[in-house]
Amino acid sequence: MVSASGLLPVMVLLPFIGALVPGLMIRAGRNACATFTAIPTLLALILLGVMAPDVMNGGTVTARIDWLPGLGLNANFMLDGLGLLFAGMILGVGLLIILYARFYLSGDDPMGQFYTYLLLFQGAMLGISVSDNILLLLVFWELTSLSSFLLIGYWKHLPEGRQGARMALTVTGAGGLAMIAGMLILGNIAGSYDLSVILQHGDEIRASEYYLPALILILLGAFTKSAQFPFHFWLPHAMAAPTPVSAYLHSATMVKAGVFLMARMWPVLAGTEAWFYIVSTVGLITMVLGALIALFKDDLKALLAFSTVSHLGLLTMLLGFGTPMAATVAVFHIINHLTFKATLFMCAGIVDHETHTRDIKRLGGLASLMPITALIAVVAALSMAGIPPLNGFMSKEMMLEEVAHTHWWGGTWPIIIVATVGAMLSVAYCFRFIGHTFFGPVRDDYPHHPHDPPAGMLAAPAFLAVMVVAIGLFPSLIAGPIVDVASAAVTGDTAEHVHLKLWHGVTPALIMSIVATLGGAFLLWLHRPLDRVWLSTPRPEAKAIFERLVAVVERASLRFTEITHNGAISRYLAIFTVATIVLGFAAYSGGGMAPPTRGLLPVPPLVAVGFVLLMVATAAIVTMHRNRFRALMLTSVIGLMVSAGFVYLSAPDLALTQITVDTVTVLLMLVALHFLPKDTPSESPTILKVRDGAIAVAAGAAVALLAYSFLLRDVSTISDYHLANSYKGGGGTNVVNVILVDFRGYDTYGEIIVLGIAGLTLYALMEALLNGPASRTLRNWTFPPDRSQDRHPVMMVVATRVMMPIAVLVGVYIFLRGHNLPGGGFVAGLVMSIALLMQYMASGFGWTQERKRFEYHSMIGWGVVVAGLTGAGAWLAGAPFLTSAFGYFTIPPFEEFELATAMLFDLGVFLTVLGAVMLMLYSLSRLARYAGETVNLEPMDYDPSRRFEAAAEVNDKKDGH
Amino acid sequence: MELVVATSIGGLTAAGIYLILRLRAFPVILGVTLLSYATNVFVFASGRLAVGLPPVLTDDATAYTDPLPQALVLTAIVISFGMTAVLVLIALGAFLENGNDRVNVEDERAGEGDA
Amino acid sequence: MDHDLTLLPEILVSVFLVIGGLFGLVGSIGFLRLRDTMQRLHAPTKATTLGVGGVLIGSMLYFVMVEGRVSFHELLITLFLFLTAPITANFIAKTHMQAKLQEKDLPPSGGKYGWAVYDAPPGEENDPGR
Amino acid sequence: MITYAIVFAFACFGFGLLGTLWRMLAGPTVADRILALDTMVINFIALIILYGIWQGTAIYFEASMLIAMVGFVSTVAFCRFILRGDIIE
Amino acid sequence: MNHWIIAPVVLPALLAPLIAYVMRYDITLQRVASITGAVLLCAIAFGLFMLSADGSVHVYRLGHWPAPFGIVLVLDRLSALLILLTSVLGLIVVIHSAASGWDQRGRHFHALMQFQLMGICGAFLTGDAFNLFVLFEILLIASYALTIHGGGKARLKAGLQYVIMNLAGSSLFLIALGTIYATTGTLNIADLSLKVREIPVEEAGLVRVAAMLLMIVFGVKAALFPVQFWLPGTYAMAPAPVAALFAIMTKVGAYAILRMHTIVFGPDAAPIGSLSQDWLMPAALITIAVGAIGVMGARRLMPLIAFSVLGSTATLMLAISGFSPHTTATALYYLVHSTFAAAAMFLIADLLLSRREGGDLLKAVPATVQNGFIAALFFAGAIAIAGMPPLSGFLGKLLVLDALRFADYAWLVWAVVLAGSLLTIVGFVRAGSVLFWKSTSAELMPPEEETPEEETPPANRIGPALAAPSVASLACLALLTVFAGPVMRHMESTAAQLYDPGDYVAAVLEDQHDTKKLKEEEH
Amino acid sequence: MLSRLFPHPVLSLTLTIVWLALVNKVTLGNLFLGAVFGVTIPVLTAPYWPNRPTLRAPLMALEYVFIVLWDIIVANVVVAAIVLFKRNDAIHSRWVVVPLDLTSAEAITVLAGTVTMTPGTVSTTLAADGSALLVHALHTDDPDEVRDHIKSRYERRLKEIFG
């Protein structure tokens, strides 16, 4: 047992591991590729064989691997009878399909891919069949959807393949998602996601109030997968896949997953009214409907596909009956269906392969041209039709037997009639399949002249056909044991053994069967007129409906997205603002406010004047903003008044900073505005303006109220510590500066990095612009002809020459005093840059740039590095980043002065600010030269002293003559 | 005074928001500028208002205004300066490349996908 | 403002402050009532300059005579204002000329070249970048 | 007495501020508006100095000095923008 | 104090200027430096991860000032996890941008990238609310630059919108911080935890507003309804490696919500109550729907991916909205998944689009070279982000659904998540089918003039260096799947630590008296 | 060598004084520090001020300063009177062209500045070759008189000062 339980996960893993191989082996040739695909399958089959005896003896092989115990999702495997049956089918048929596909696929088809997908699919199916954890089962379940998607869409150049694959994935994927919910509910009722645990909680589950939702959700998964009405429509379209895929997916594996699931969950979910009516009804409808449609399909594969639908319906119905016997019959029929359906698919593939058509109306008389194929197909088809002594007969008989004593919607008769009709239709399409394909006169208009294919292609169907006969003749011997253990696993009843035999005597079932056979033959005889009626009857085309539905959803989604995410940032912001106001208000209303603790400070008249200026300027910006230049000037007024407020309210540092920053900002904006339109067109309709106005006023009022509320209330803050420790611990009397460079130096470090990045960004963007289409726009730039000819006026140049050194000195002063009085590296950097900007404005870009001593880039770099290294320097002393040190020194003849590492840090700030501001303006002003501005070589338009020299020259010339 | 400050904040916020809801980059930039004035004053006000008590230590002063919000505002001013600069230039770049300075993406539905 | 002041400094300081205030006021009045832009340019650039000058002197005197500490800061501000005011006026005048006036509205310069706002400097007459 | 003088000066320059604001909004020419802004700055400097006297502190000195400096720069920049479009060329 | 704690900030911050200035003319040197930096960052992050794995909280007091007066960095399991995640993602992205040549399409890419990493790591580490703002701004401004890297009109417009949106967000952040300081008088997160709880419920109006505003700010970053609108446009237009890196940016918002909620504004803080939960779950649900609908309706690949990322992030937020140790653990698992899945998707899309004619329009054009390889990568990425097995997205989804089963309206949560998954799957299937399958069909229309913005690149093959980052992202997902058990155990303990903030608060504030004394002795 | 170290001796002196004014404390240490800045800053900014002018008559410059200061005070009173008491239509503004003999840029600038700061006149623009100054007079009935006043009172002195 120990070894066996180790083998189980290995068996499941083998196909997945093997899936890596074909892609690699394809270079070694098609045979090698096929062989190496077969090997893992074969190995898995061998492992299964090793474990089989335990199971056949009534045991269960289990393996438990912890995967995600927190969730209850574990790689727990369990091989019981049902699992053994399915695993055997999956691997056995898989092996045959691998063989068959080797010959079926043409040289143009990427065979490596095919085998990879096939093995992935095989692994997933195998996983489903032996999962002992429903979450694990879900994993494999979804994997089958995915891998079958790849298989169905294998011929990706065919639109039918692509559509079929998408439809299959959509439908089964949707079912799978529903099933996730169902399984989660189930697990929660049972308290575990382990199947073996769940199986023991059947009564509890059925009694739970969540039973019905769980049931419906799980059945959605099973029905979609097994193509039950009304989800049956995807299956026929999956037939666009290569025939080996169809044979595999639609006989033995994929579609049986749903049936498997119902069988697996049977002990837990079955036996209730809900189960009975939902499952058996859906199954019955599917059985009849599938058979009916199959009868009128001309495409061999489509016919088989609908017959599959029909048989799946049959199986579903049986499981739905909820009786152990019915379940046992279902198990038996699963085996039988596998054998004949896989055979038929392969035969259809052979026909297609040989004649290059699958259209039944273009076929006929193939029996003499490809006798072996015909023989195999006839055997399988007769079995499907339920003709003795083949295996299909037996399970059909047993099915009808179950039907005969099932009480359904008020009696047994309704179901007997409907089931018999189903069987009749089934017989009819089976006869049609063989009759219209292989019998009748030989034609001379086959698209391609057919003959029997190579043995390799025939081997697989032939083997299965033999099985069809053998099971029919010796059911107990061949199928009996496995049916026993499998049905025991479904019903949980190990005591009862089914006695599979051909002859049960004259039973109601036999009568129904005879009626069905005769009726079927009669239907086939009437096929031509019926076909005409069928074709002229309007009926809903499921595929069209589905595609229309998807298209509608798609269009609706697109519409929704286009309306909501239409790139209208203005609206996004409006929503943002409104949401903030609403949520903020909602938050507020959950609390209250303490009574005010502070009195109002008086408002001197001058403050009132400043307030008027501020508010009028603000209002004026709103009303006059379309004249951009004017609006910009008005922001200067606001900046001025805000600075005034800072001065009045004891914040000199803020005033300094605000005023200098504003100036640089205005300069930047002016440089940009030069290239932007000078006016903003009036575009918003009035209603929009009113709306925005309302939002804006609401937001303003909210913020004002918020501020007003806290302004009236005291709170004790941490800054007492800063005031107390600024001088002692930080070495400065300007507490704000000490906070900036010491207490919260890390913020400042971040802040200069922001500036540094801004500088870099502007530079990088400018490069991108000047190398992109924007440069074309710029090159076509025309300057207004009436602009002033006064480019670098003499007076300005001279004044700047005097002022710049003074401004630099002021910058130095502001830098040095910052630690103790308002000022510091940041303002100093701005003052320096304003001094330089003055020079740029006076003497022009070209001349000034030529005299530049420092690279702005490197200035930023050095700034950030100096600040960083100053901070890191503390590590040398074993102290944390940015720990400062300071001391007071006296070097005659200087005054006593203070040196603090914080000043070095501030130097970093200074350098970064200077570098960033200059790099920004430098980058921006490069635009002008692209727009055709010349580079000036002289500092002023015309040095008046040259007038004198020029005159002298003229005089010299005159003298010379 | 408190009322004056609160109203100023409110006025600046309202104007700022009205402008950032406009359709062109330049008024939006102006709006952002006004908004950052508003937020700076707001944060500043969180230290409450004081007249004539600058937080520079002197021997004769008995009380100081709260220095911490001032430091925060300084940081915020610098950051918003950098941000404004980047905003202005991106707006300019977008204008030069697009030929207009609209902030909203125009409806230029390019071709239909064929899924 | 409860310092113990002696009369003379108080009078001196007050006089300068009042003078400063008056000139500031005159400048503003002129700025408001004068007829055209060029006229308005005269009022503030002069009157306000002296207005601020008066205040600055008042401030210096106050700190020296009342608070007893010498203050040169005001001198610096004066220096700045005196350096910049003419340039500012000059620029604003030129702005007005460029925006509202034409060369023909002005008397000729009397030389070979016209006024700098309208005429390119020697040697750059044909520069397309201008 | 100084108190009265300061209040008087406050009133004068305060009136000046309002006057410049009016001129700035009313124009009519762009030169008027720039001039108004420049004058506003100068009035503002005077007010800060006065406030310094009022408070008896020199701590606002840097503010007025810087305003004098940057006020000039922005006035020139505004003018250059009208004159040439490009303020740095 | 362990100085390594600040290394994730200082290392890139020092490296970036060097790259930008010293190496500015040599792209090879930049690449070497950038990749080396990223590798070092990974190593440091791993070290910190191990350091914090025992559940200890490490506090780094910048400037040696005691909390709450100076700024502190706090390393706990959560911050260590996110830094590790950031650094690994950073390495992946840096390699991709070097291998794909994205770093050459504009200036200063690597420097900006380093700054970006610095900002993100800093945001995860900081224990100070205002400092969080500063680091947000760093990571934002770097992201502005990276968003418009390489220029182009659509990208600039998208960048402009991104900047505007975030500037509005930053303003709100400041208002929130102002209100916080005004009501509590402190900025240190641990200290806030204490101060908020001291406020009587009936006087908590203002601090509640502050909490809400903060959550909205973080909601903007995390792209939650109704402030999610910016994300699709920005991510769709950003350069692919940048968009990949942005996978972590939304997580910064998620992180901040989680951090502030558990330490400061948790439901045990009476003044705040259940403020965060009340709106987070509906917002997340609507966002999931918006994302899924966006995927379903997308006609272009990049918006499709962007919307799927929106949905994925919203699923994360949904898990966070459970606000219990268990739901948070699942959220953290999903966070890691969502980050790598989004990154993988963007990188793979880049491999495809740089080889494909006709831009990202979902329309059949002739197949690119290595159609199959790219298709396989795309398939894997789509599986991951749509939450299909076998990758971690499926496990994450199961975890989230399972964890939220006791939430109010659990059925609605499940319905939205599952329906969202379906739409996402269908959308991706459609896209993949057109991009990879239909492109092989013969009856292809000749490529039209659609979006010749990015000129058609040469049909170059994908070498190992170029494939590695995408494959590595997928490999991370695979590892996350295989080792889901141990990973979840770690997430459980991370969440447990998060919901027991006593240690955090004590570690930050505990030895303040000692520190103060030490500081005084120094002078 | 010396000229490279002191590109602008007057400027250096000015800066030293400005420094003292900035720190607002006249001590030997500050004087020394100011001197250090006075030397270093002009060296750094020297490239931006080529062709430094020479002051030929420093005393005369001092005289000039006092004359101008006096004129400014007078100017303000005069302008105040005009502004306050003259009716708008009684104000006769005129343009005045002042042909220049000065050729030094610095001298012209000082002259233009002086004109602006003194009675009722604002200098507006130079001729493109710097040969004339356009002055706006707030109120005058005789532009020639204004021109002659400017030339005799200011330009003559400046010519001597700047050589």
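Letters A, B, C, D, E and F mark the chains as written, and numbering starts fresh at 1 in each.
Convention: a contact is a pair of C-beta atoms (placed from the backbone, for glycine too) under 8 Å apart; a residue touches a chain by one contact, two chains touch by 3 or more.
In this text, all values refer to a predicted model and were calculated from it rather than measured experimentally.
*Asks:* Along the shortest chain of touching chains, how many steps lie between chain E and chain F?
*Replies:* Tracing touching chains, the least step count from chain E to chain F comes to 2.
*Asks:* Treat touching chains as neighbours: how many steps, at the fewest, connect chain C to chain D?
*Replies:* Contact-graph shortest path, chain C to chain D, evaluates to 1.
*Asks:* Averaging the CA atoms per chain, pick out the one whose centre lands closest to the mean of every protein CA shown.
*Replies:* Smallest centre-to-centre distance to the global C-alpha mean: chain E.
*Asks:* Going by the touch criterion at the top, tell me which pair is linked by more C-beta contacts: B-D or A-C.
*Replies:* Taking the two pairs in turn, the one with more contacts turns out to be A-C.
*Asks:* Taking each chain's centre as the mean of its C-alpha atoms, give the chain farthest from chain E.
*Replies:* Using the mean of the C-alpha atoms as each chain's centre, the farthest one from chain E is F.
*Asks:* Compare the CA centroid of chain A with every other chain's and tell me the farthest one.
*Replies:* Relative to chain A, the chain whose C-alpha centre sits farthest away is F.
*Asks:* Go ahead and note the Å separation of the Cα centroids belonging to chain D and chain E.
*Replies:* Taking the mean C-alpha position of each chain, the two centres sit 48 Å apart.
*Asks:* Determine the centre-to-centre distance between chain A and chain F, using the mean Cα coordinates as centres, and give it in whole Å.
*Replies:* Here the centre of chain F sits 73 Å away from the centre of chain A.
*Asks:* Averaged over CA atoms, how far is the centre of chain C from the centre of chain E? Could you give it in whole Å?
*Replies:* 56
*Asks:* Chain A to chain B: how many Å between their CA centres?
*Replies:* Averaging C-alpha atoms per chain gives centres 36 Å apart.
*Asks:* Which chain B residues touch at least two other chains?
*Replies:* Touching at least two other chains: 16, 20, 25, 38, 40, 42, 45-48, 52, 54, 56, 68, 72, 75, 79, 82-83, 86, 90-91, 93, 97, 103, 105, 115.
*Asks:* Got the chain D residues that touch at least 2 other chains?
*Replies:* Those would be 10-11, 30, 34, 58-59, 65, 69, 76, 80, 82-83.
*Asks:* Identify all positions of chain A at which a residue touches two or more other chains, and write them in rising order.
*Replies:* In chain A, the residues touching two or more other chains are 554, 562, 567, 569, 573, 577, 648, 652, 673, 703, 706-707, 710, 717-719, 722, 743-744, 747, 750-751, 754, 757-758, 761, 765, 768-769, 772-774, 787-791, 793, 795-796, 799, 802-803, 806, 810, 821-822, 933, 941-942, 947.
*Asks:* So, with touch as defined above, which chain pairs make the list?
*Replies:* A-B, A-C, A-D, A-E, A-F, B-D, B-E, C-D, C-F
*Asks:* Quick check: in the complex, which residue numbers of chain A touch chain C?
*Replies:* 786-791, 793, 795-796, 799, 802-803, 806, 932-934, 941-942, 946-947, 950
*Asks:* Using the touch rule from the top, collect the residues of chain B that touch chain D in their complex.
*Replies:* Interface residues on chain B, with respect to chain D: 52, 54, 56.
*Asks:* Which bits of chain F are touching chain C when the two form their complex?
*Replies:* Chain F reaches chain C through residues 18, 20-22, 24, 26, 72-73, 75-76, 79-80, 82-84, 88, 91, 93, 95, 97, 99, 112-117, 120, 122-129, 131-132, 134, 136, 138.
*Asks:* Can you list the chain B residues touching chain E in their complex?
*Replies:* Where chain B meets chain E, its residues are 16, 20, 25, 28, 32, 35-36, 38-40, 42-43, 45-48, 68-69, 72, 75-76, 79-80, 82-83, 86-87, 90-91, 93-94, 97-98, 103, 105, 110-115.
*Asks:* Applying the document's contact rule, which stretches of chain E touch chain B when the two form their complex?
*Replies:* Listed in rising order, the residues of chain E that touch chain B are 130, 133-134, 137, 141, 144-145, 148, 151-154, 156-161, 163-164, 167-168, 170-171, 174-175, 177-179, 181-182, 187, 233, 298-300, 361-364, 430-431, 433-434, 438, 448, 450-451.
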